[in-house]
Amino acid sequence: MIDKRVTSLPEALSGIRDGASVMIGGFGEAGSPIELIHGLIDLGPRELTVISNNTGSGRVGLAALIAAGRVAKVICSYPRSANSMVFPELYRAGRIELELVPQGTLAERIRAGGAGIPAFFTPSAVGTQLAAGKEVRSFSGRDYILEHALTADFALVRADRADRYGNLTYSRTARNFGPIMCMAARCAIAQVRRIVEPGQIDPESVVTPGIFVQRVVHVAEPVQESHLVKQGAVYP
Amino acid sequence: MARMVAADIPNGAYVNLGIGIPELVAGFVPAGREFILHTENGLLGVGPPPAPCQEDPELINAGKKPITAIAGAAYFHHADSFAMIRGGHLDVSVLGAMQVACNGDLANWSTGQADAIPAVGGAMDLVAGVKSVLVMTEHTTRDGRPKLLRACTYPLTGVGVVSRIYTNLAVITITPAGFAVREMAPGLTAGELQRWTDAPLHFAATPTCPRT
Amino acid sequence: MIDKRVTSLPEALSGIRDGASVMIGGFGEAGSPIELIHGLIDLGPRELTVISNNTGSGRVGLAALIAAGRVAKVICSYPRSANSMVFPELYRAGRIELELVPQGTLAERIRAGGAGIPAFFTPSAVGTQLAAGKEVRSFSGRDYILEHALTADFALVRADRADRYGNLTYSRTARNFGPIMCMAARCAIAQVRRIVEPGQIDPESVVTPGIFVQRVVHVAEPVQESHLVKQGAVYP
Amino acid sequence: MARMVAADIPNGAYVNLGIGIPELVAGFVPAGREFILHTENGLLGVGPPPAPCQEDPELINAGKKPITAIAGAAYFHHADSFAMIRGGHLDVSVLGAMQVACNGDLANWSTGQADAIPAVGGAMDLVAGVKSVLVMTEHTTRDGRPKLLRACTYPLTGVGVVSRIYTNLAVITITPAGFAVREMAPGLTAGELQRWTDAPLHFAATPTCPRT
């Protein structure tokens, strides 16, 4: 029988070692797998490359992972926000590397990684600093730049429902990068609010088919990052 | 500004409103028109802001503010969302600006200073993919320097991408000849507007009456 | 108010002229928009380029469109089946052009067309006749070929439910090419079994968001192609 | 053949069964194992054939035959389906063959004859993307000519893509040295098998016993 459920966060995260590349879902706090991120801090791997849209807020979640000095490089589109101070400090101090990618190019590079497309041409960023050094080619009289796929060793995502096959649904705009990161990672790990029996998710409404998911862990009531930030919480 | 932008968007348009001032456009949709608002973090059909205590941290816009969804909305993932943008399916993108050049170049993501944390978000995708890019901005910087320039000095978001600029002083269209003034704030003279603007302005023979 | 519903097949198909490119959904009969295709035969445009996975069965639907001499070229992956004779006849007679594309490359070229990606690299067909003349490039030691996006003037698809915004759901494996063809066509036309009020389709379960659909026409009880083929039916 | 193929597929594998003989594998899943069957026209979780009169023309497999879906299935569109294939997410593809060469080249889509209607379907994507490509085929053509060759003469589906071949006479693995016989039909001699095969066969020192 196929059963991708694991019973604890440490089990869900096992095998993430120093130097691993890790995609982390979420757009701001929506869809950010905060319990998995805290579990990753507890697990302890260093020199991670993190692929994520943002760099976290306050001193919890993704920001706490960065603050703990575990991240060597981030690949992201928007590494600052109203409550982010951890990444800016480390970045200005030259202690963390940044690859800045337009958000749509980031999404498409991840999707390409999951779909077996090694590279594609895009119009985004043509003529800007972010196109520096990239191959430019004209199609039908318009310029495009070549961008390469992103894959990762692991993806950490937050979903709403899962079954033992790893089929996932998401909640509203918390869907964001989750589905494509599951596609692009060799091991996709989902924390989910509810685990249901096979068939309880309408097969027409499955967002991430189980083939893209390797481990599912139940976190019934995830903490809310923005509440922790307001409280000034620090992890660990 | 927001009212004038909204008035220029046709019925049925698919519209992405940038973070900040552009979000105000949602409040000025003219009677009888319906726009579908897109937020690049995965929703078509953004509704009005939620009632107090009805906020859902998993239902937010690109500025990470709580929103609602209309009946007839659709959620999707980031690659699909940017397929809409890059694929030319959105009609209008309304963005803020640090600088706009008279050839339509836009700079709105970085001052290029050494200590700045660069952050680009979806702006480069929006200007590359959306059919019509409208800019809303104060006519000058806080310290009175022009933002409408012969050439941008900050790093570009896109080359020749802006269609029209809505400022507190005027509505200006980008033409092959450069900035063409379409409307001016009441009481403002052409000479005064030119003084706040770096690039030369072209004025129509008959100025359009400001809308009421 | 936005309302993409039209009240008749002729209205749904208006504007399709000689020389148009038309994507036609369906995998075999599943998802094939047979009423729209018959309406297109009635409308009469010629010299069409048809992009579709197959070339139809018997002498109804897509096969009838081809038999009527309206199609100059087909771009497809599998132009024969147990009951297809129309396409083979015309092809052997040199009266119709064929661009044969591996099915996954066909799907990805259509998706790229809808997503604003002009070209991408793929491993499919490397080293085969179907790679002839195509640019080959190595990424991480493996060869890939460059493939170009497909777009079209129109798409004809069959869906299950729609609302006035054009949001669509599909039925089971009749989904196939529908969603990506709606993305890639300048005017996507959907025949649907049911039209519902906005909000009756769960926004988490919308498969094709309305932005990709321009016209919706109600066909409550589509005819079943395989029944017509068994009966030896001929259209018109 | 189908039983032997099924026996070699591990528990939990995601499997695509090609049109024709490979579809038979679904009937021989060993007790205690669960495979998830993928059909490239948009379903993960293909179930057993439907009961008579329960066929749904909108629920079919790649061979356009009616199927069912298991509890826990998922539907998706063609681009997502081939993302699974091309992206290396499927573990096993079982395909028929016209010819297989001893370097793993596969020809299964065209005889290359001038009057043939070329039709490729998803075979080139499957062999390019799926981790392990298994071939099921009669050992020879209907008129007794070898299908396991030094080099394919028909147009290729993929270069060096086949892992293992299951025929009515033997199970043969593709190795850097060429065809390695893993099992033979009871009573068949190595010499006889070689006579039906164009390329040289390598035999293990100790032949494996056929499974019962």
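Letters are used for the chains, namely A, B, C and D, taken in the order the chains are written, and counting of residues starts over at 1 for each.
Note that a residue touches a chain if its C-beta (ideal position, glycine included) is under 8 Å from a C-beta of that chain, and two chains touch if they have at least 3 such contacts.
It should be emphasised that the depicted structure is a prediction, and the values quoted were computed from it without experimental measurement.
Using the contact threshold fixed earlier, the set of chains in contact with both chain B and chain D is A, C. Here the CA centre of chain A is 34 Å from the CA centre of chain C.
Centre to centre, using the average C-alpha position, chain C and chain D are separated by 29 Å.
Of all residues in chain D, those that touch two or more other chains are 43, 69, 75-76, 79, 82, 85-86, 128-129.
Chain C has residues 108, 111, 115-117, 122-123, 170, 172, 204, 207 in contact with two or more other chains. Annotation, chain-chain contacts: A-B, A-C, A-D, B-C, C-D (touch as defined at the top).
Chain A meets chain D in the complex at residues 1-2, 111, 113-117, 163-165, 167, 183, 197-199, 201, 203-204, 206, 209-212. Contact residues of chain D toward chain C in the complex are 39-43, 56-61, 64, 69, 75-79, 81-82, 85-86, 110, 115, 117-125, 128-129, 155-159.
Taken together, the chain C residues at the contact with chain D in this complex read 27-31, 53, 77-81, 87-88, 91-92, 98, 100-108, 110-111, 122-130, 170-180, 207, 224-226. Those residues of chain C whose C-beta lies close enough to touch chain A in the complex are 108, 112, 115-123, 137, 139-140, 142, 144, 148, 169-170, 172, 202, 204-205, 207.
Chain contact summary for the complex, chain B toward chain C: residues 11-12, 14, 34, 36, 38, 43-45, 69-76, 79-80, 82-90, 128-129.
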